[in-house]
Structure formats: structure tokens, C-alpha cells
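In what comes next, chain A is part of two complexes: it sits with chain B in the first one and with chain C in the second one.
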Partner chain A sequence: MNTQKAQPRLYSSKESLLALKAHLSAKNAKLPKSPTIEDYITYIKKLSIRLKQGPLDFWIPNVYRRVIQVIRLMSSEDGFVQNKDKEKNFKALGLTIQRSSSRSKTTIETGAETGSNAIQQYVILPAIDQVLEEMEAHSDDINTFASTHFFTNEVLLVYEYSTTVLNFLLSAKKTRNFEIIVLESETENLGKQFATDLGKHQLNVTLTPFTNAYAIMQRVNKILLGVDAILKNGGLLMHPGTYAICVLAKQFAVPVIVLSGAHKLTPKYAFDQTTFNELVSPLKINPNSTIEQMSIGITFDYVPPEYISLYITNQGQYTPQSIYQLFSDFYNVKDEDI
Partner chain B sequence: MSEFYAVILADNYDNQFNHLTNTLPKSLFPFVDDLIIEHQINWLSKNEIDQIIILYRNEKIAEYFNNRKRLGRKTQNIQLINILDSKSSGDALRELYSHGIIQQDFLLLFGDVITNISLKDVINKYHDQRKEDKMNILLMVAHQGTQQYEEERFLYVLESDDKLFQLIDLQQKQIKFNKKHITLTKGMPCKYVIRSNLIESGIYICNRDVLKSFQENFMWAEIKEDFIKYMTTTSDIQEEKIHLYIAPKIQVSQRIFHPQSFHNACLKYLSRFFFPYCPQQQYYVDFFKYFAGRVDQKAKISDQCFIGQNTDVKPKVTITKSIIGKNCKLGIGCEIINSILWDNIEIDDNVIIKDCIVASGCKIKNSIQSQIVTMENQKNVKQLSNFQKYDDNTFQSEDSDEESDSHELHQKKPKENDDQGLKEDMIDIVAKCQTVSQVRQAIINVDTIKVNSNIAFENIVIAFMAAFLDTIQPDIDSLKNAYALWEEFIVRFVSETEVLCYIKSIETFCRQNQQYHLNQFLQLSYKHQILSEQVILNYQNQMAAVEDDQFAKEFTQSSQQFKEYLENIIAEQEQQQTQDEQGDGEYEYEYVYE
Partner chain C sequence: MSEKPNQQNPKKGEPWKPKEKFDKKANKEKQKQEQEQGEGKQETNQPPQQQNKQPIQQQTADQQPTQQQVPTNDKQIAQTNASKEQDKRKDFLSHLPIFQDYTSVSIKTVKQIDPLTLHHAFIELCIQYQNGQCIGSTHRCVEFLNALKQFIRDYKLSRQSNYFAMAFLDELKKIFNLMKNFRTVNEGMSTSYLFIRECLMILRDTKLDENESKIWLCNQIDQFIQSKIIAASELIVKNATQLIQEGTTILVYARSYLIENFIINYFKQGKQLTIFVVDNPQFGEGSQLVNRLQQQGIPCYQILLSHVSYILSKVDKILVGASSMLCNGALVSRVGTALLACLASTHKIPFLVFCESYKFSEKSQIDSLSWNEIAQLEQGNENQQYTSLSLRYDITQSNYINMIVTEVGLIPATSVKAVIGEFKKYNYVDAIEVPRKEQ
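What follows is the complex of A and B.
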């Protein structure tokens, strides 16, 4: 029997960070008495394994990996080395902080150990806040990077709903005019929603069914895609149907540009369509399926790196061949197993 | 939701699975990889319902739950309530009311429902309707689909806001609509909607008032026939209302009424219709094949099959749309078509199992079709000796078991013409064969004749012996040669049930021709392992007891030595078994010919 949760994506990325904060400050957090940085890191790793919705849930581990990396960076900068002598100094530091803070009537929620408070207050919580800030502000960075790639009176093709692409288009509208074609997916009904959202802001939008993709592809100048996960070899995982569009684009020599926040970087490798994929109910594709005539539905489409032209993230612009550099800055190799 | 109870009626009150439910309640049937009740508990816990009450009638459920240890972060609070003297689900509900555990709302679930309906929206709708009107006491959950089985054929007459107006049973002869006049207004849709594409899922969300009304009307037995019918027919007098929740198209459920729906539910589960409740990903091989056991490369397994853990599938096995449980042993050359096999089953070589349900622990030696086999009746079950491979007629009729019985009876008595033709064929075959390889070819020929003309083993043996005994001469050497040549053939066709007619045919032959001695035949048969010691001894004792027969007396005298020899062998075999068998003894016997 399957032991995964029935409702997928219970936590979005932001919510998972807030959940991490709540878990750390809970009274029965299972941390050792005087936790070091390593203890916190293992705690966060265990928490990510616990909160994960299944092997196809990439977002929670990505965010926690980033938090761990930021913790490492901050601790190495400030010189919080895990030695016993240094801990004692630490504890003294913590005591003074506690005394000063108790005078100012701020409450420290975790237990009575002062060492843990110090590390938490100066390393962990700021790390989490930094990652939260990065995530909330990722749209603005993407918009600035991406606006250099688009010119006036271009025809852009968009597939299904993507909030990143929506933000970019709304911000780019202020400086230039372009035409948008929204391609509807065959299984989900979000294309229509996307078109109406864009149309509210007086953008020139056309909604077409998926079977029209070949016919309109010669008219299209660029393709803009959102993404579910960016893999370390430069490929991406996205809504089913993306692979077909990318293959078409390559045939017509239309550049495919991917916009995403950096929290979607997943340090994993895929090599075919079934590596990170799961079969869903046939009723999702065709509500009249029976046992004799069945449809096969999948969760993700894997697009190999040769079909993509450019990745625009809030950390910079990269080609698929060179995006591995971003992984080594963004994450640590030790954390790839959560 | 922590106060919300789920009540599972873990037993059925009908006889659809007549052999199986004598010993095992329906909730403890193994369904692909786990028991039905475990699937239900898993579904309930994923929907965040942790308080479960199980109403059980069979002691086995109590035993099962006392020994149940499941790993998991969440532990469910399971209470068992005994409803031993209940004869219907109405009695069960009255018993539940008398315990007084349930204060407010609860979820009622039948014990044979497999589903993936998400309960969050259902419970929200129920609470909304309770806020509107305190008289909404029952929420039936139905899903969309085509009605396939007789038990599912209902017409749902709905008023506005999915209030159930009438539930019409399509199996009745006359259908009557409860309303005599309907007023229509121009431009507005009619107030009543009749839907026939809904299937009731066996999940009800009820209030405590439902239990109260069952208590008041103690004649009520069923939920659908009595309670819902009463509520809908007397809706002028009553104020209580029943509503219907129609699940979105992606959520389905399946109830297990009878073997066909059992098989259908298993195939749907394998085809991932109940996503995300599916077999484990690690067993997944191809589209909708799940192998948890070892499968040989030369075995042919179709789509939508499940092979349980520790089950060895040997080469040349064909499995089509079947579910096989744990620890099963399948012999070489088996064919399993459209069947459900539970755990710990042994199947001999070259056996065909079609459209059957085989319970745990059985051993199948001959081909069977359209049977339910349990431990108790596995010896009495009609095991086909003349199995028809392409017999689709039996599956289409309603009472398929009875049809197949009469079908076979007709064919067990072969006609005279066939008999004559068979004898001629045999004589031809026997005359042609000079070498052992030709004998093997003859085996194949006779096999095809047997299957095509549907002849019993007995008739083949009789015909063969007649032809065989014609070819031999009265001297010893020709007998020995003949037996050495035809050894494989005789071993193939003379099994335990045919030894008697084999010996009988030899006996009649020897009576007719005094030159041949029955004793020699028996000794040679024993040497070539056609007959076992016990069989020969039985026959000899039988002959010794016969009076007034010259032939029998002569036979007993001449076979005295052989008899003593056999008795010695049997005694030594028993000794060996008690001594744990040291060394293999091969005894040389000097044949005494008279």
C-alpha cells in the first residue's frame, strides 16, 4: 500500500520555512542540551525528510538545503567554530544576552540553555530570514534580468499557469508592447485562468488549445516557461506537455527561456521520462476511462538540456550547460541526500 | 475532526461469496496486497479520521485486531463492538446506539468499499447543511460513472441542492415516481433531476438521529431499502432530509458485491484508478504489472497482474489479468486466467485455472474453471479432467456455476461413435510405433485427440490397452520389450484414478487368453513404476477374497511370493521413515515366472 500523503503540496516553500521556525522554537524540539551547528543541521535534515510529501516533492528539501548552506556560510564568517572551549565563551556570551534581554522584557522561547539561544539567535534565525527574503524578492530580480531579452512587438508563447511568468509580464508591460499566446494544456484547466488574469491588465492575449501548437509555432518569437524543478544536468521537470512544446520549438528554432526562482534548483539527475515521475489515475486524462480502455497520466515531463536556451533565475542568467556552477554556490555537496 | 467517529460494518449479511464467508468475513479478504479492512483504515487515516469503531460478527476480526501491529506515526483508536446476534445492518446500528458512544455525527462505512474519495469536502458540505437546517441527517456519497452491476442500478431523483427526492430501484418491475404533478415554469429548468450515472459508494455521513430512528422503528433492516425509502416516500410528513454528495469525476469507489466485482475492483486498483492509493512503487514493472515475487523471463504475464511476495513464477507459465498472493508455488506450464489466488497456494504442473477464486492454503491438482475453492471443499470441488480451453459460454450467464455443471455433465458421457473411432485410432498408433521417440510422438497425438474430442482418461486407457495387448506375444521377452517401449505412454495416461480400469483390462484379457499371466503383468507394471505397491497389494487382497473363481485362485497362488515381497518393501519403507532415511535402497528382485 502507498504510504504517501493523500493531499500533495501541503506546504509551499514559504510555509515550510515558517514551519521550520515554529519547530525550532517549540518547547519539545528534540535538540540535544547544548546544540552545535551540526546538531541543528541534522535536525533540519530530519525535519525535511519528515515533512516531505513523497519522493517527487522537491521544494521542501530545496529550501532546507539553502537554509543549511546559509547557516554554514554565516557560521564560518562569524567564526562560530564547534570546539568545546569556544562553546564556553559562547555560553558566557549567551548569559549576558539573556540578562540584557530579560531586562528588556523580550521572551526567549526555547529552553533554559543559553548556548542554544545564542546560536539560534545569531545564526539560525537570521539564516532563515535571509532565505525568506530571497524568496519573496525573487520576482523583482528576475524581472530586471529578463527584461533585457525581450523587444517590442514580439510574440511570446506561454504554457499553462505560472506565477513567475505572470509577474514578469506585468512588469514588462510598462515599458513595451508585445503579444501573448497562451497554450492550454490537455489535462488541466488553468490556461483559461491565466488568460483572464493577463487580460485584466490590458495585455494582448490569445488562448489556443494544445493541438494548435504546431500551427502557431512559426509565428512565435520566444517561449517563456515556468518550471517545477531545475535539475543539475540542466534539464527541467514541468507540467506534462512541456516536452512536446520544446521539441517543436527546436524544430522551428524558437528560443526557450525559463524563468524561475533559485529555490527550484534540485541537485538531482534524470535521464529519461520515468526517472522522476509517477503514474496518476487514468480518470484525470479521460473521465470516461474503463479498465479495457485506459489512459496513462503522468505527473511530470522531463525536458533534456539541449532543448532549452536560457535559464533566468534571481541569482543570475545561465545556460543549461553552465547552471551547475550555481548549484555549487547555492548548495553544499554534503546536503544532497535529503 | 477529532470527535468524528468512523463506523465500519465489517460483515455482510448475504451469501454471494458462499464458500468463503463461512469461515472468513468479507473485511478480512486479501485485496491485492493487503486486507480490505486495512485499506479502509489507511484511507480513513489519510483523511484524518482516527477514531474507528468496528462492528463485527465473526470472531476472526477480534482475533485479528488483537494481534495487529502496524508501524506508523499515527495510531488509530479502534474499538470493536460485537454484534453477534444481529441479522441485518439495522440490528447492528441499534446495537451501536445502545452503546451510546456516538454523540454527534459519524461516518458509516460498509465493509467492502474500496475508494479514494477525499472526505474533506464531504464533511464540509455536511456541516454546512447542518447549519442550514437541523433536519438534514444523512449525506450519501455517490460518484459518477456507468452503472455496471445489478446492485448498482438505481435512479437518483434529486431536487434542488442535491436533496434526494427518491431512490428508484431499477431491478423492480414497476417504476413509480412519487410525484403526481410537476409544474414547469417557462425559462426555468425543472425542479427535479433524474440521474442514472451515479453510483452509490457505501459511505454515509450521519447524525445521531439516524440511529435514533432505527431504534424507534425496530423492524428496519437495511439502510437503503428501509430507512432511505421511508424518508423519501414520507417526505410530506417527515421533515428529515437526505442529501447527496456527488464526488468529482476523478474520485471513484467500488463495492465488492460478488466475485465479478471483486475482480473488477482488483484490476481497477492495479490500474491506478484509486490514485493515490496504489500498490507500492517498488513493485512496479511495466504499465500496470506489479511483481513483488520472482518472475522467470520465460513466463508470459499480461497487463494488470499482481504477483505477491515470495512467489516463484516458473518458466512457461501464462498469467492473464490475475492476482496472485504471497508464497504461492506455481508449477511449470500453468495457465492462470482472470483469477484471484490468495496466499500459500500450491498448483501442480500443467494446470489451467480460469475465472476462479482460490482461498489460502489450497492445493490444486487439476484444471478448474469458475469455482470458488477453499480449504474445506478443495477435494470436493469439481476438478475437470476434460478441460475445455476456449469455453466462454459459462462466463456470460448469471448463475455461471450451475451452467458449467450441466455443461460438463453432457460431455462426460462420450457417444458410441467416438468410442469406436478412438479404438481404431489407437490401433493405428500402436501399430506404427517401434521406437521410443515414436512413442513420444504418439503421446502428443493422443493428447490432441483427447482435447479435441473431449475424451476421458479412462476411455483412452481402455482403448490403448486393447490395442496394446493385441501386439504382444505370450513369451516373456516380448512382454518386457513391449513394456519398455510403452513405458512413458502408460505412465502419462494411467494416473491414480485410472489404475483400476488398467488392471481390469489386463484381467479381462488374461481371463480370455490363458497363456498370459496376470502376475507377470503386475510385476512388469511395478518395475516400470506404473503401479505402486499399495495398489497391487489392494488388488491382490481383493482377488484373494473372491470366491468361486478358478482364475482368482490360481492368481493368488502364483502371486504369493510377489505379495510377500511387496509387503516387505512397505514394512521397510515405514521403518526407513521412522529412522530418518539412511541411504537409498534399491532392491533387486528376481522375477519368478511360471
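What follows is the complex of A and C.
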């Protein structure tokens, strides 16, 4: 499932949105003749279940949940519209007038297509576009906080590849001077790639194998982590090894800052390392492993919320105790089944 | 024996660099190295020693090996590369020693300068240290003592001194100083050095002739190995077998001579254990242990250090070996042990250390960076924009260690100082038998 490791999760989310658009505009889209908002929502839910690449794929359902939430908000009759564009405002306003007028009528056959197209055009597609926009711009929003958390000549620790962290550091570099230590995991070359990418921008980078984490930790001032999924209790699912780093950080009282776009918010709960996890093939860890000497490798590490100091998302900064608020703004409780 | 002028006295205006004597260039072809190892013993002194002396004296200390060959023309290029590398290593670890990648070729050129400096047994040993063929504290110590015995047998007194003991004491000091250029001397080797010094003191008071002294000294070294390493290992295995019940799940990190013996012994008694071996791919010790267990027919699981969090809930005990135990109760061991200890204390898993008593040290250390050894990673390209860092050792604090299994018993980490105090009465070893002259 996680074959594309160096690509950010953003790509799979974006591609799934574009796929949604394509599905909707396809001629044999399995929609009833005059689809309402609810029909669209069930359609999107079914599509997400179909496109999901396994039980541990969080990013496609997250993005679809967000789309559904935006659709709900845009089509709500209270008229509170969340999007920024004025044009869309007027369009949505026009739609509510149209809907209130069309409710009194039964389904209009000639106008059914135009009605569905109208809904599609004025609600669904703008919703998808808004979500896409949010995702594109998430890095910029996160980077606004770049300078506020660092002092001069700090030493930062990062682990494996994360494009969010990369952009964050590059924007922080403009105002602060710091030193970076990159921990690399034993199996993949992502750590080296990250160090090279950082080094290209004239940052002071040191690359260390994972085993040196304890020795290095006393020198580190802050830890920046990219994340795979943020769970509803504030816990995180991340690259294997981050749990060990967070435990060490707590021992040394080093603050851990988590950077992520809001598309990684996953309204699920986990309690230990095995709730959302998968064993990888033993040959990946050690090509010489046999049945007698089996290699064990895992996909995710679960980090409980007590180890994190701050979450920086494109919707704002949160502590583990308050990140549930973001979930209630971002998603709807009805959509948690996909 | 007179010392060479460039060994100790720094030149005026230059900061003292202890490695000024050796040729600093590294040859990467290790196959060539092994071939020449066989030839290296037999080659006699090559043409002009004087010619080779001067360019080597002018060289400054390299910080990292370069990709170039030994020939004398390229020494200047090596110097400029060296200065570049020195600039890079000006970070927080600039105080740590970095050891060169020597080959037998480069060492031969040193031999040409001073052929009597380092015996060929030690040179082979140092190359083995470099290659990674000889790692692990017990292994290194035993190999060192074997090389020392060989040296003793080949050693011939010069006519200046009649006393074997005093002359050999000087030799011993020299050997140690030179060995420090290759890899730091670990605690076990220091203890054996103290022991041999004690023997030589005793020898000085008796009037044995050269051959008998040599034989006696070799016997003493054998006894040291037997009592402090082999017999100690058996006692430790016996103590540990009482601790660990059948069917427990244990986690082992990297490779330790004691733990390996313990596991093999345990299975020979017919009991079962579930074993997780945590591997350190940089040194390859975990896979060595796994291969060894495989030969004995013992099944185990392999896991990487970053994936350890997954199985910690299933593990009952964690066993590690030691490079040395320090006076303040801290454990010096393979890098990564401290991380494991921290995780163990969070999950409340007992953390056991297996350590013989000859590895106890009087030093104290609090953190891993004030003293350490930098291990050479595989070389990236020369113009990479980041610096690589890789340490060899790790300090685990005493509050993470639950128990130390030694041959004197099961002791907590805080009692290391008391044990050292006991041993000091006997100068770190058992009473040494005074030799009698055979008639």
C-alpha cells in the first residue's frame, strides 16, 4: 500500500479529488435522474469506499469527508457560507432561492437535468475546488508560523522525509539561523534524500543513523515531525521509530512539534501500537530472513497525545487537548463511517 | 630504545597532532589489502627510508579518508582535501577522535620508517579492527592478548638492558600508545594492561632469565584470559539461568559474547525461549548473532530498532552486553542501547546487563557526547552538502539499569564502585603467583 514513500500523502488526496470530478462529469455516472445533495453525498461515500486502498488508507476518506462537509455547509439553508469567493457566495445564494422555490414543485422533467446540473455546478464542484485550494495552500498557511517558534542558533531534529517540514524549514530559514539533525531510519534512503534536499539550500545539516538518537537528543532543542495521520484523541500515526523518539524527547524535556495539513485529520481512535498497523514483508527488512529467523517490520507507529507539545496545521495551532475542536469544525459526525 | 623525533615533539608553531607519524591516505580496495597482508610480513625494508620520512613529516592530520592512492605525488592533494574535511568537522563533535582507514600498504610505509615500532601481529590486529572483523569488547581484548603473546615470544632483549621486565614495560607503553591511533583502547584492554604491569613488577624483583620470564608472562596472560573471561562467562551464564524462567520472551540488542553463550547454553539444557534480536545494520552485529543462533538451530525473530515499539508489549526482559561499566553506574555499550533502555523503563520492562568484572572502570561519564568514538560510515560522495555522523558507543544511565549480571553475583548498577574498590585490593585481578626459578 505504501509503495510511494517519497511522495507526500497530498498527491493521493489530490488525485482522488480529481478522480471525483472526473466521475461526476462522466456520462455513465450512477446518479439518479434528479440528484439531491443527499444523493451526491452517498455517491461520494460509495466512491471513497471503492477507491480506498486498504483499511489503512486514511487520506482518501479524509478528503472526501471534507468535501461532504463543505457541501453540507454550502448548501445549508441557514445561509452561512464558509467559502471566501464572492462569486461563489452569490451562486450559492441563488441556489438556495432556487431550492426553496423548487421544493414546492415535484420533480421537473425538463428542468431535472438543469436542476441537477445546477446543484452540481454550484455546490459540488465549487466544494471540490475549495478543498483542493485548501490543500494546495496548506503549506503556505503553516509557514506563517515558521518564525514564531524558533530562537537563534537552535538545533532541530527531524526524522525521515516530510515535505511539510521541508517547506517549513525553508521559510523559517529566512529569519532564523539554525542547525538541523536528520535521523535516518535503517531501511530506506529517505533520510539521505531529506538531508540532500535540505543541504541544497545551504542549511547546516547533519545526518545520523537512528541508533544515535539518544546520544544526540541532549543537544537538540526542538523536534519537528511530519505525520501520516492525526487521530481524534490527538494521537498520531507516523513512520515507525517516531514513538521511540517521542519517548526520548519526553525524558529530555524536548518539545515535539507536529506539522501537518488538515487533510490528515482522521476521526478514528487508537490505543496501542496494533490498532492501525500492518506487518511488512520480512524480505524488505532483511533479504536473508528465513522462517526460522523471521524479520518483523511494521508500517506505522502510534504516538499517544501526551508526548506532543503542539500541532501546527493550516487551520491554526492546537494542543493535544484541544485538537478535537478542529475535528468538529472540519468534519461532520455523520460521515465517520467511510 | 630511542624515540623518533617526530613522534612526540611538536614542531614550532604547529598544534600538536598525535597522528603525525602515520601516512594518512586510505586505499579503498580492501581485496588488495587482504592480499598484501600475507605479503606484508615477508617484505623487508624498502629503499630509502629518508625519502619517505620527509613528506610524511610535513603532512597534517587528515580527518577523513580520501579516495586517492598512496603514491607520493598526491600527498598535496590529500592535504587540501584534509583541510576541507577539517572545516566540516568543526561542529559539536570536533573533540572526538576520528580514526583513519589504514591499509597494510600505508602501514608498511610506516614500517619503513621505523620497522621495529609495531610488531606485525599488532598490525594485523589493527587492520582487523578497522575492517570490522574484530568488534565486540571481549573479542578485541582476547585478540589483543593473543597478539601480545606472539610479540613476547618474538621479542628479543637488546644488549643495553639486562632486565627483561623493565625493558618490556617500556615496550608495552609504546605499543599501547601506537594502538590508540587505530582505535581507542577499551576498558578490558586497560585492565589487562594493568595486570601485565603488575606481573612485570613482580618479575622485576625475581631474577629469572629472559626465556623463563617470557614463558612465565605468557602463562600469566593465559591465566588472565581463563579466569577473567572464560571462567567468568560460565559463572555469569549460571547466574543468569537462575534469573530467567523457561518460556519467557527476551529481547537482545546487537551481539554480546556472554548473551550468545547464555542463549546457547539455555537451549542445550532443553529449555525454550522466545528471542527477539534487534539488529544494528550499520555494524551488522545483530545478523551475526542470528547466523550464529541459526547454526545452533535456535529460532528467533529479527527486528530493527525503529520498529521495536511494536513488540515491546510482548517482551518480558531485555538483555544487553557491555563494553564497560563506569564508576557512576553508567553503562557503555553499543550505540542504541540507551534508546532501548529508555523505552524499557517507559514500558516497565526489566533491563539486564551482562558484564564481566574486568570491564569495570574507574571513569565516570554522564552523557554520550563528551567522550565517544566516531565510526566511519560508508563514504558518500565528496561534495555532499551534509555531514554524516555516526557514533560507536552510548552511555546508559544507572537509573535505567535494573541489574548487572557479573561473575561476582547479581549487583545493581550503583554497586559498581564498591566492586571496583574490592578489586583494587588485589590490583584488579586475583593474587599473582610469584615465579620461582627452575633449577
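Worth a mention:
The working rule: the second predicted complex is superposed on the first by the 290 of 338 C-alpha atoms of A that agree within 3 Å, B and C clash if a C-alpha of one lies under 4 Å from a C-alpha of the other, contacts with A are read in each partner's own complex, and residues count from 1 in each chain.
Here is the rule we use: a contact is a pair of C-beta atoms (placed from the backbone, for glycine too) under 8 Å apart; a residue touches a chain by one contact, two chains touch by 3 or more.
These figures come from a predicted structure and were not determined experimentally.
In the superposition on chain A, A:Ser171 makes contact with neither chain B nor chain C. By the touch criterion defined above, A:Pro287 lies against chain B but remains apart from chain C after alignment on the C-alpha atoms of chain A. Between chain B and chain C, C touches the greater number of residues of chain A.
In the superposed model, A:Ile296 lies in contact with both chain B and chain C.
In the superposition on chain A, A:Gln218 makes contact with chain C only, not with chain B. Within the superposed three-chain model, A:Gln317 lies out of touch with both chain B and chain C [touch as defined at top].
By the touch criterion defined above, A:Glu278 reaches chain B but does not reach chain C. Taken together, the two complexes place residues 289-290, 294, 296 of chain A in contact with chain B and also with chain C.
Residues 33-34, 38-39, 42, 46-47, 72, 116, 118, 120, 144, 146, 249-250, 252, 264, 267-268, 271-281, 287, 304 of chain B touch chain A in their complex. Listed in rising order, the residues of chain C touching chain A in the complex are 91-92, 276, 279-282, 287, 290, 293-294, 299-311, 313, 335-336, 338-339, 342-343, 346, 367-369, 372, 377, 380, 384-391, 394-395. Per the touch definition, chain A reaches chain B in the complex via residues 1-7, 55, 278-284, 287, 289-291, 294, 296. Chain contact summary for the complex, chain A toward chain C: residues 179, 182, 185-187, 192, 195-196, 198-200, 202, 205-216, 218-219, 240-241, 243-244, 247-248, 251, 272-274, 277, 285-286, 288-290, 292-298, 301.
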